[in-house]
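My questions all concern the structure below.
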């Protein structure tokens, strides 16, 4: 659906609901997070009613392609291949990959040290794609359905290292005393995260981009960053 | 274990468990009728009807449940079939489990001694009547157990309905783990709820089985 | 009246019935004897179409029973009607194990003739008394002795008050007293114009009860005549050999 | 919706590898669950409570909880003490799961073999267990074929749950490909077809077995 | 030698055997006759402990068969040994439907006596020939006629070369020629010192084949004597009534 139809109805937005602090269900059962607030702020600017729902990662693309949602505001990284299938708006933040190991690990300090190791990454993240494409013949990859599973695997020693977006892990470490550490492996690729919408919906894309610019300009955006990521954090 | 957390999330999980119960019980109920229909179609003399039933069973059993869900949910609207996610879960669940149940019923019927239906037929009972009065009561013991297994399978597989964004027990648990990083506590809770649901199903199966086999143990 | 005309039946390569002809008039009792494996059970099962025959015709009171021209539901209705008029007692009894004795007997009258429970029970008890099993009415088949099962099977078939009865080894599990009793029952049924086809191995029973006797071997009728003639002075060599013992005894 | 199957072609080798893994798991699990289910059924019917109760409880646990949770517990829960490889965890979980289901079927079919068969065998001098082995179980197996076929066809598709613990079976392979290419329906259609081919093979096998045993009932 | 001493057996409230005593010497054939439901099958089943008796003792060659003192595995071993020496032919045959005819016959010798396949097949064919069924060796029981099934059941029991054979209605499905044949087989087995207990409804067969005859009614032995005496001039009124027809015929 393009913008006119959405105006007559509600703006259907999806996220995975299992990716704190971007989107998750708190213990009151409410869907909250950075992505949720961004979605609400954008909808307000666009002047549409919004309905934000969660859908598991493995079904979220199908849901978008199948027309159940109009947009995924779900921390989705932009890649070339994905652009063939969906349209992305301007980025709304950028995510960086990082490598994590158990606190007691001392034999991994660079990408090369990962050779022969078991390396985890989560399905759907760009870290997963990066690890699979670069790990060929070097390390063994294991894909997890979500960050909690993967962190579990790391702390129980099922994987020697994990590659993940840095923000969620850092936030998770604040809330839970996890015995893991980030290692500095030099520059890893960063990907911009953007809102994905169905292909060929020019008006919607336009409106989202305009709204995004507006919330960045009027400070709403930074408020949301302060609230969820950390005071003064810069993730643009 | 973080018991405070467990207490806190229990109401959420119970609500999700209710979705699971709702979807599964309706799917099992309608699925049984789908199964009976399929068994019935296979008794037709007109071959294309039989082929249709066999083909249906083959395709439905042969392809994954979550693919069926996605195809019906997203492909349906283009054929004018617009279902809300829960209804879609019930409908696809019923048509899916129905195919399995029909095979279970067929197998149970075939395990009854042929002499029994011959005896009934020789008294003048028609095919359908023979089935209802003579064959089914004797097939019941095997049927109840094998259809019961499938009911249990359906309850468990109802977690796949989350792929069309229904928040049922497993998905709710996963979402909560995603935010709390407490897998042990939350999985334990959801496991307990599954145990209660499925234990109830097993209880019904056992009762029905006892009733159906009264005559052999008397 | 039952007529069997040139009936052929094959199981795969094995031709079990090779052109059987036979006529049983109303109210008559006909015995079929013959060695094991000669096709007696198959013939009886063909008469009420439990075995579909490959060739030939079977008629009940002039109505053709096998109808290769009829299909599906039409044939269903036709054959069910016919079978309600044709009782069968199986060599292996085939009692319904999930029903008590009385329910075994009354199921068909209740469901097929719409008889109410009470009338059906009365009728059933009457039939059970006839075969001396009234006190086993509420017992399940698994608890019955061999002879008791066989008698329940007879009562079950009789409860439908058929025009024709087919007995496959109707007395094999019965003691002499009961055989006598069954003989008496059959006679009284014949008087009520019931037609009966009996496969039996008990030659003296066959001789006593039947109006006509038939000797089968290898899927053909070797000889048919009155039982007295068959058991005292058969024409065929094969029959003579088969009945040797009985001929010896009774001459 | 427009379809674009080019990503499917790119990832086809990965998908095929996934089919290989799924088949391997399925074959091992089929063997384990049928043999195990039979043993469970026999023990729970023919032995006293002391022997059968612990086993039945164990099976009950697998019966009442979802496979996914079991895999998590086995994989991460046990992870504190022993690290069982994911594929082994998967095979054990699926195996015990379907062992429980198959046992349900066997309990019914074993009980449906008539008492006369047991007696005939005992009267020849066969012992209790020999009778079960040579007489009861073969007849029960023959009667179980359609239901076992059902369970095994279900099981093949349940191998996909193993993706949750990183076993690279068919669905796992497709999920990765989907997350890269964002072409869900194309991949789902293709893996549905791959499963269907496996299913047809299984149905042919089942039909063959049913034909072979039809006259042995 | 088989001894039955004061055997009692109840099914719930129903006392089916009320103190049976009976002795069969080695190489002898004893017939048990009596009305339906009198407990004949139950007695035979008690002899090899398919029914656990409530009171009394059963002895085979001086060894007690029922052992209320023995439990679990010890009893298992004991009874299996005994049963290998005691063949039984059931009223309902109970052939194993999943095994071909020859496998039905050879299963026990192969598995219990460790006979190799070839020898077992030879032995099996020999037994099948004895009952005239060699050509049905590779056929499954469901394809057999009633008499054929009964003969396979006999062959199966004989293949274990037991010391004692228990026949429950061993000839009920057999035609006169085959009865004659079975009679001959039994005689030859008796000459090889096999002991036989036969429950039968065919009085002439009982008379021909047996060395001793026994009339049971209502769970007690009413009368026992030589078959000639029993069938011509029994002492008891009850026996006389039961055998009326046969006494009439043969006097």
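Annotations
Per-chain numbering from 1; labels A, B, C, D and E assigned in written order.
Convention: a residue touches a chain if its C-beta (ideal position, glycine included) is under 8 Å from a C-beta of that chain, and two chains touch if they have at least 3 such contacts.
Bear in mind the structure is a predicted one, so any value in this text is a computation, not a measurement.
Note on connectivity: the fewest steps through touching chains from subunit A to subunit C is 2.
Greatest centre-to-centre distance from subunit E is found for A, with centres as Cα means. For the pairs B-D and D-E, the count of C-beta pairs in contact is higher at B-D. Centroid to centroid, with C-alpha atoms defining each point, subunit A and subunit E lie 82 Å apart. Look at where the CA atoms of subunit A average out and do the same for subunit B: the two points lie 36 Å apart. The mean-CA centres of subunit C and subunit E are about 28 angstrom from one another, to the nearest whole unit. Separating the centre of subunit C from that of subunit D, both taken as means of CA atoms, is a distance of 49 Å. Each of the following residues of subunit A touches two or more other chains: 58-59, 62, 65-67, 145, 149, 152. Among the residues of subunit C, those touching two or more other chains are numbered 92, 142. Within subunit B, residues 70, 74, 113, 183, 216 each touch two or more of the remaining chains. Contact between chains, as defined at the top, is found for A-B, A-D, B-C, B-D, C-E, D-E.
Within the complex formed with subunit A, the subunit D residues making contact are 1, 4, 7, 72, 75-76, 79-80, 83, 86, 163-164, 166, 172, 175-176, 178-185, 188.
Taken together, the subunit C residues at the contact with subunit E in this complex read 11, 33-37, 41, 91-92, 143, 145-148, 151, 168-169, 172-180, 201-204, 241-246, 249.
Of all the residues in subunit D, the ones that touch subunit B in their complex are 1, 63-69, 72-73, 76-77, 101, 104-105, 107-109, 111-112, 143-147, 149-151, 153-154, 157, 160, 171, 184-185, 188-189, 191-192, 195-196, 198-200, 203, 217.
Touching subunit D in their complex are the following residues of subunit A: 57-59, 61-62, 65-67, 79, 81-82, 84-86, 123-125, 128-129, 132, 142-145, 149, 152-153, 156-158. Those residues of subunit D whose C-beta lies close enough to touch subunit E in the complex are 114, 116-117, 119-128, 130, 134-135, 138-139, 142, 213, 215-217.
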